[in-house]
């Protein structure tokens, strides 16, 4: 009897979950596989750094070749599912042809991606006195993980792939605490130090040789408009050689930080700043209370 | 000989670690399995989004059924261990009966959990101009991951389960950078954007249609009292339709933010604010130095 | 034909990636295995908390012994690779002898590491009114995860191991959002609450019974000097019993916070503070706008 009762509530549960599931589209990319693809691409860009087995040099060509073919197959299938999900009208054959083309176009970009990511590694070594060598940076630095994943996702974004780029950058966000939207445009020699809490919005534009520290937000002034704001430039522009120190927020689509300008910590900017300026906040007044004294008062009271 | 020496230090090490281990209770939940359970529940709430294989519609009922039965078995066992750990007095049979009852009561809540979590998805789509569709949000948005895990953990917390709810929310904290205590009370249509650095304390109360941005702390004024403060309301109350922008801290158990009020970025509040107010800080004065000029001075000096 | 074309672009890709790979050193530690080692060490320090199977007491000695022998083998191999990578001159035999010695010296420190980490657990229980018991803290608290990993990495850093310590602390950074450089020096009874966004720089010195909250940076004033600053004390010193509340930045190698001093939230300090002082910022003025009123104006306009 009791068993039957149990089945009753289970049956009811299963039905209510299954029914509520009908509205879901029949095609969706698979998050787990998109993350696998991201890791495979990181291995391709820095072979030997992220593999569980030691890399045997004699076979490197075959190793790289097998990684490429694995990525190609998985990426093409996920792109196809993403296209079919986004545009209900597209027929399956067109989606397959298109995803094959996009996949090949993307794979051809890998050497370029590797080249620009190496400029980010150089910028990190130049920028961080605690960095011992490039290997430490490639292995361990969250900035390189987040920027590398962003550069991969941005290429797919430019090729018109839906859903997958954002899944990739949010994966990097969860690993590093650095949230870069795939739509942002970022130049070479980009350096993010520590990085936890960094937010770089969809329509942000960043030049070359820019440095950013933990807790910096490049954001929108207000999102009260919601979906009506989609596509509008809502996030700032940083020209070449700009430095933004920790916990500073720079907001607004018309806010431009001029070439070579340095913004200090904890600033809150919603207006443009010209080139070659050092902006710092007049830190708020501090009050000092003698704790020893106070305790004496309390006891003597 | 050398081998013997080695064994010596190993034996000593093993003893010192084993001995120091005696004080540990014989029953503890298993963190790895609690995390598995959390992921299984996320699959049940959004089937098809988080599974490695593609979901075949014909078999969806069986798929959901098998997930439910797997969760039931694992959850019941972990709850039993948590109960036995917490209350040494309880006998094993009572613990098993109680954990079966709690597990069934919890599973029956899943459709409700799914319903309220879908209101959070709606709020996210309304609130973020960069969001393309609900699927992107369910796949990728850390706010939905953290809120969903909190809503699961909060139910178990209400059912009196020790240890497990906090392990679940700290798992979400490590994935998203969003730290929501299972004891907090949060209404429907809750939206957290970006989220890294958000802290929502144990006795926080949040109404419906509330929006919160990265780096917001809803915290206690001081924790110097330590354990003596347990149970006291130490964290603030946000009424319906409140918005709190990035890096703002709202502290104190008697601090109430009135309905519809909007708090700007970087504020630090320890007092209540009435309804329908826009609070913003007079940003600290900025100082501007011309770097070009300065460099000339330095070289000309 | 089409297949041949495909092979063409694949061949070209494989070559360009393989060629660009030549400059990489032949010896590198393996990040995945270094992370496994970190997890094995956490199991050794808190056996029973992090294992997927239930721990059988009768066999605890054998369990601990097998963990120790697994760690020893893996750690010794990774240290050897790290040494060979760092110092091209060292011969392979010397590297193996040295890494065996370092490994044994490190393993002998485990009971000490366990002891000091238990003082951190005590400090956390004292400091957090929401904490129910030590088990919850060991299971779930990110502060304990980050401090424990730092204490392991710091020992290896003191023993002169390159690369591996930083890979370990950056692993903890990705799990917790707490970024502690292995070079920092930290006393016992250290408590970090919530922790997301905490940054503790390479040359920081922290005394005993220190408390730190989310978003606190103990950093350098400027890193414009880049590599030229390596080795210089660039980060602050916190004496015993100092408390630093959330989102405060304390910068500079000559900045000393005196014994027992408490620094409030959102402060920005680049100068020393004497002992037993309560420092708090005069929070910036707030402006209040009545939204209801404004809406009426708008509609009545």
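For reference, chains read A, B and C in written order, and residue numbers begin at 1 within each chain.
Note that in this section a contact is a pair of C-beta atoms (placed from the backbone, for glycine too) under 8 Å apart; a residue touches a chain by one contact, two chains touch by 3 or more.
Here the structure is a predicted model, which means the values were calculated and not measured.
At the interface between subunit B and subunit C, under half of the residue numbers appear on both sides, which makes the contact a different-residue one.
Relative orientation of subunit A and subunit C, expressed as the C-alpha superposition rotation angle, is 120° to the nearest 5.
Per-chain CA centroids place subunit B at a distance of 21 Å from subunit C. Residue positions 177, 196-197, 215, 247, 266, 281, 283-284 of subunit A are each in touch with at least two other chains.
Chain contact summary for the complex, subunit B toward subunit A: residues 44, 47-52, 54, 57, 60-61, 64-65, 68-69, 104, 107-108, 110-111, 114, 125-132, 135-136, 139-142, 175-177, 193-194, 196-197, 214-215, 246-247, 265-266, 281, 283-292, 294. Put simply, subunit C touches subunit A in their complex at residues 6, 9-10, 13-18, 20-21, 24-26, 28-33, 85, 162-163, 166-167, 170, 173-174, 177, 179, 181, 183, 196-197, 199, 201-202, 215, 217, 219-220, 223, 225-230, 232, 234, 247, 249, 260-262, 266-269, 273, 275-284.
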